[in-house]
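What follows is one structure encoded as structure tokens, with my remarks underneath.
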Amino acid sequence: MGVLIKNGTIVTALDRYVGDVYVREGKIVALSRGLAPSSGDTTIDASGQYVFPGGIDPHVHMELPQMGTVSADDFETGTAAGVAGGTTTIIDFVIPERNQDYLEALAAWHRRAAKAVSDYAFHMAITWWREDTTKVVRHCVHHEGIPSFKTYMAYKDTIGIDDTALIQLMRAANSVGALVTVHAEHGDMVGDLRNTLVAEGKTAIKYHAHSRPPAVEGEATARAIMLARLTGEPLYVVHVSCIEALEAVAAARARGQQVYGETCPQYLLLDDSVYDTRGFEGAAYVMSPPLRPPGHQEALWAALKAGILQTVATDHCPFNQVGQKDRGKDDFRLIPNGAAGIEHRLPLMYSYGVLQGHIDLNQLVDLTSTRAAKIFGLYPRKGSITVGADADLVVFDPEATATISAQTHHHRVDRSIFEGYQLKGLPSHVVVNGRVQYANGKLDTQRGAGRYLERSLPGQRRTHRGCW
Amino acid sequence: MGVLIKNGTIVTALDRYVGDVYVREGKIVALSRGLAPSSGDTTIDASGQYVFPGGIDPHVHMELPQMGTVSADDFETGTAAGVAGGTTTIIDFVIPERNQDYLEALAAWHRRAAKAVSDYAFHMAITWWREDTTKVVRHCVHHEGIPSFKTYMAYKDTIGIDDTALIQLMRAANSVGALVTVHAEHGDMVGDLRNTLVAEGKTAIKYHAHSRPPAVEGEATARAIMLARLTGEPLYVVHVSCIEALEAVAAARARGQQVYGETCPQYLLLDDSVYDTRGFEGAAYVMSPPLRPPGHQEALWAALKAGILQTVATDHCPFNQVGQKDRGKDDFRLIPNGAAGIEHRLPLMYSYGVLQGHIDLNQLVDLTSTRAAKIFGLYPRKGSITVGADADLVVFDPEATATISAQTHHHRVDRSIFEGYQLKGLPSHVVVNGRVQYANGKLDTQRGAGRYLERSLPGQRRTHRGCW
Amino acid sequence: MGVLIKNGTIVTALDRYVGDVYVREGKIVALSRGLAPSSGDTTIDASGQYVFPGGIDPHVHMELPQMGTVSADDFETGTAAGVAGGTTTIIDFVIPERNQDYLEALAAWHRRAAKAVSDYAFHMAITWWREDTTKVVRHCVHHEGIPSFKTYMAYKDTIGIDDTALIQLMRAANSVGALVTVHAEHGDMVGDLRNTLVAEGKTAIKYHAHSRPPAVEGEATARAIMLARLTGEPLYVVHVSCIEALEAVAAARARGQQVYGETCPQYLLLDDSVYDTRGFEGAAYVMSPPLRPPGHQEALWAALKAGILQTVATDHCPFNQVGQKDRGKDDFRLIPNGAAGIEHRLPLMYSYGVLQGHIDLNQLVDLTSTRAAKIFGLYPRKGSITVGADADLVVFDPEATATISAQTHHHRVDRSIFEGYQLKGLPSHVVVNGRVQYANGKLDTQRGAGRYLERSLPGQRRTHRGCW
Amino acid sequence: MGVLIKNGTIVTALDRYVGDVYVREGKIVALSRGLAPSSGDTTIDASGQYVFPGGIDPHVHMELPQMGTVSADDFETGTAAGVAGGTTTIIDFVIPERNQDYLEALAAWHRRAAKAVSDYAFHMAITWWREDTTKVVRHCVHHEGIPSFKTYMAYKDTIGIDDTALIQLMRAANSVGALVTVHAEHGDMVGDLRNTLVAEGKTAIKYHAHSRPPAVEGEATARAIMLARLTGEPLYVVHVSCIEALEAVAAARARGQQVYGETCPQYLLLDDSVYDTRGFEGAAYVMSPPLRPPGHQEALWAALKAGILQTVATDHCPFNQVGQKDRGKDDFRLIPNGAAGIEHRLPLMYSYGVLQGHIDLNQLVDLTSTRAAKIFGLYPRKGSITVGADADLVVFDPEATATISAQTHHHRVDRSIFEGYQLKGLPSHVVVNGRVQYANGKLDTQRGAGRYLERSLPGQRRTHRGCW
């Protein structure tokens, strides 16, 4: 009934040592050496392999309605792809339409997510604000297990909010110890650039990037940080993609402000040359923020190493080239934004982060699992190899190799932005809540096995408003 | 009929040499040595004195309606105080009410300004935006001699505009070579802080400063600079008061962006201690941005010396303690914002800038006269001692002394924020358009002698949008 | 024979959970819950208390000869004071005189250190350089267990080296995977300022600080970082005390350079006002770098929180007011430099760091123990609560209180720079290599029980020279 | 006898207006309109042309002994090439050998310079320091007309000095109001990199640049600035070539420190690609600092525009490819450093600076003439178009075109680093001390017509030591 992982090199965000992990009833119950399996136990020989806590992806969008279509992975296929790649927990976003009842939207997301194969949680996106929205914030924190709120500084016409609303959300979140997260781009400037470009006949894919230059992300990041500083609220900046935004985050942290930054593998490994040279293939890379010119990637790696950024998520949100991305063939503004990533986050970060010396093994675990658990209120249940924690475990074979391809990936999409990337180091086994869901290249998931995770941020420290 | 200024040390923004200046029919007609007066000429012996071009104050508000009252100096008394202090040209602001017709407002300002004793020009404040406001911009540039437009990033409820409008203005201004100027404070954050403070019972004068901390000015400055960068528009930031804003201006300039910064004597010479220690006297110092904590002043001086800031204006906008400032006795939000400054700008900058080694004599002239003329399209008619320029000249006695006091100043207001300040160096004679309007302590102005100055910015260089 | 610590809240640099720690033969042998003691075991009830790994102080000077006298704590009294305060490992410095044989000096330090009550290691100071000093470096790394080398950019007349030597050391260290540490002050500038001040009759204590302003530390820090960058060598900067140095460290780390920074409680908690206001008491605070003006302390706290600095050491090096510090009564240059700190590092960092919200509990452990173990090659033997680690453990009572006083401290010196500081949170028990050496206020140490720790840095990653 | 320049557009560092300039006995005697020539006067019709003050190049090395050879232009050919390009004054460097008597070296330079065709001055290089060198400094200032001193932070084996000497020079210079200038590269690091590269067999030309990366210039610049700050001495940094150095200069100026920066056309217009792609042609570009990677050039232009840098010099110091540069065919360390530039400075800065919008016309004059005069004590005699100034004048035809080529240039060297560069805008006439030395493409110089210029810095303001 149990699972015994023997002789692995256990790697946490802090430690690295050889030992056995014994799992029963979905929980880690023993850490030691020389343990013998009980009858009925599954034994995994992890000699020469690493044992990581299961990955946590705090930024994904499964079956998200966007621009008249829906992102291609649903909660089952998306979480299964995650499991295949060593990610066993996701935090998705409830994104109400403007003026839609927040709890109604939450219910819709709960219905969609019920088919997930591994555990999941939600951020609530605040897409509109009325005086009584403060009550929604409180309700989510106190009754729904949702202590983190997403905001969009872009997309003012649909899901974005203005600074007045953002300030009020920060005040409301602060009063109940919740965390505000922000998509930081100056939406008005982007809108102007988009229209200006199109008016000049510049409708090709590459103009997507021209319409969202690093300056608009850097500015919005700095602005959100200022608002957070003066309201005393911590801040989590999603998908930091450029030097300008990094500098704003680094300056805030150096000042003592409680600001967190997230990036994604695509911003670390790809640059904007893809928009110009690949014809319509370039549409696969259309996302916001866009991929950046060469130079930004190196700065992001350094920021991970230095602790300026805290997490690596994926913003997983795939759309097919055929039938979805091709809506914008003649106008970059009509290309659905997003790409697949959840399956390859951990192997990419190992192959291109650890093996190339950008980060060490402990940082790998921290960035892809533990820190997200701590920031978003899942710790120590998730992201931890300690007695009592959920038995989400990855046995990781550092010698295994593979090549990424849309032909073979588990993402339900016709294109991979990492097509052809060589991987060295892959999960050999993935245990989800005490059950082996992936072994030696085969998925064995159960639709609906995933559970909704109520989160809380009890120890959330507040900074002082007075830090002017 | 002419005026001959003999043997003065002529000081421009570049040069310093001894010579004679001969003036006839309102113009400088000769620069030389050993000139003899013609019959009927007035001769001024300037031996041992400096001869400066007349000062230009590009930021004043005469008889400005604000918060239900009107600023205490009208165009006659305000320009006369200017003349007494060596400032012979002002640029005031036409500030329409929300939705008021721009040209109707302009006409109102023309009526008020007709009584000015020295020449004047206008900036147009863009206080609301509709699609056809672009036409207003063009009309002002092409037909009204107004190529500079003021915007407020604060005061959204009255005269402030949002970023969408600001971007559109920048586009419109750029298309006709006009210049956008900006009052940079994040108004929404200020509004939130004001209300939060008052809700906590914090209504005393000092909370005015708490509600507008340096961070809100620094952020808005950086934001306006980003918008200007991406629209390719030059930018002039009025009344820079703090290190955070300086850093944004310096970074933009170091990048090659065409950004100008202005400060005022009060931000150089006073700090925020006045709000806390002087009882209701502190109301005299209520302005926006507020006076800053110690430390910022030194940084502003250094910025003047280093060329990070280009102009020193006054934001002259006085209100009486009795009957005006006292409306906010019980709530800092009700105190009219502003103070008097035009008369003492030049002497203060000489006494506390030049004599204390912060700036040199050429910089004094540049900061208080020539650079404003160049930036705002008055050069070489104003701000210049060359043949053909308007005969606005200040004979400045470096040995004269005085003590600033509301008892003796020419400002029509019951309080001076520089009360008791010692001055060394004062105008002995001020020539306005070829006529001596001030001599040895006596004003001899003529109501209505001032003329409206149509301005143009023909050589205005545009930066490229591509400077991402 | 064993020690069982029951029901404590075990706190590591990562985790926090309730459990039992079982110790036998000097090692941690079990981590679990509900353990029962064997016969002969000592049981410590840690309910309601924290269990930390023993502190590591990587910067102390026991019985150091300096300026004709010797620092007041010897290895016995100094390590005992450490034990009383929860620090169970020190790294002291072998500091040869100019031209003294390095191994002869090492032997002398081994003789002095033999009386230590807890474990110790050495850094080797490189105080002079000849071509064959490279061999010394290799010998220390390969045969003496010393993979870290200290250099002084000040003190050129005695123990300091110039940049030529520093570069050669970096090259030599790099070739064997060793780490260079640096005392960063521009010694020539300091020397000039000292002489200039004394020539002006400025001999009082406060001029010690004037002679070593933040600019000389900031400059030298940036310079050492540049040399490390171009030689591809990691760098550890000791006792960072000021904003200027912090900025250099932060910039290097943001660029991806492997630079570590250390600070000390005195730089976090005290400012330079002590030099001016306390008469000869001020001599107690004479150290290099000196205490800094208000403002720097807050920046150092923020740097700890943000991860810009990695360790908190003490630079423990006490001298008595009477008979030692008073040598410099009439000339600040003659005051021996240094103060006591080892006993109070952990309690001060808890009381003023954790309780005041600057850092969290995990950071406390990281900064005072685990990170030093990792950087200097003592991990996982020291600084870790995992099975197999040395049984150096602190049971820490968060409710205990005390007031620091030279009357009661275990430091062998007549003055405490933290005299009168209130502490909340103190060790109740300290286990050293499996033996309880401190319990409920009583020391029970054994002279000579400490062992010399050979260190190695096998995994030391090298940065690339090419990072220009 | 006189020269009358009629109807030109007179352009100074401040003004731009149409007028006549009348010159007699080597001086400007009248500025006006409508002047008629006297009999015997030469008249130049400057309609449609600019009239600039003659250029001043504050950084040249004529017939400089270096590495066993001598730079290819002597004082006659070098100043003549300058005249052909609109530069009518040079400041060369007296560079004594280590331990050579300073005045003996000065006498040698006076002998060499006597053949100059236009006026010249000297900086004194301080290449060694003994206690009594302070007297040399004073003597140069008080009796030789040399108030500026050059130092080399590189080249420690020959002409470089260490920081101890630099500090003492700053103190000495400060006591007599003199200015220290610095070649800022960390010589020890450069030396180590050179040797390391050669030891690795990397002897090709491109490794010259690898051995002097931007980091060594940035570091040394920051260090010199710190020393200047703490000794209260102004500082002039020669040939700033990279972003790192710019940032140090900008930070110092923003703090109010009196720091000046100079760059050269080669750092603005060329990048390091020339070292790698042109075979031995690349040797022509070997200079120190070397040309920089793409990106630095744009930053330098922005720094000129923003006023972060003050002057554009040439570091004119040519060596022939054949017989000089080729000494280093097999080892980059043996290539004489330097290139020609004096003839093309003004036209290049007009064609590539003004016409491409990096700087305006007034800045052109300021950067190439007036500011150097002010900084180095030649103003108002040189660099000025005012009555009484020396009649060094350039009539500049903005429509003239040419292509730079070693075939046609007046530099006495076989290679131009700007070979093939197109010029638009060239001097049509150059007046030197009232005599036309260049007209319509023809030089008419007189060997020995140049005079030695004694300089003084009477008004040199000192910054305060206390600016910590």
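Each chain carries a letter (A, B, C and D) given by its place in the written order, and its residues are counted from 1.
The working rule: a contact is a pair of C-beta atoms (placed from the backbone, for glycine too) under 8 Å apart; a residue touches a chain by one contact, two chains touch by 3 or more.
Worth saying up front: this structure is predicted, and the values here are computed from it rather than measured.
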Contacting chain C as well as chain D are chains none
Give the label of the chain whose average Cα location is farthest from that of chain A.
-> D
CA centroids of chain A and chain B: separation to the nearest Å works out as 50
Rounded Å distance between chain B and chain C, as computed from the means of their C-alpha atoms = 55
Could you tell me the distance, in whole angstrom, between the mean C-alpha positions of chain B and chain D?
-> 39
Using the contact rule from the top, write out all pairs of chains that touch.
-> A-B, A-C, B-D, C-D
In the complex formed with chain A, which residues of chain B make contact?
-> 162-164, 167-168, 171, 186, 188-189, 191-193, 196, 213-216, 218-219, 222-223, 226-227, 229-231, 468
Going by the contact rule at the top, pick out the chain A residues touching chain C in the complex.
-> 12-17, 19, 30-33, 246, 250, 253-256, 298-299, 301-303, 305-308, 357-358, 360, 370, 380, 384, 386-388, 461
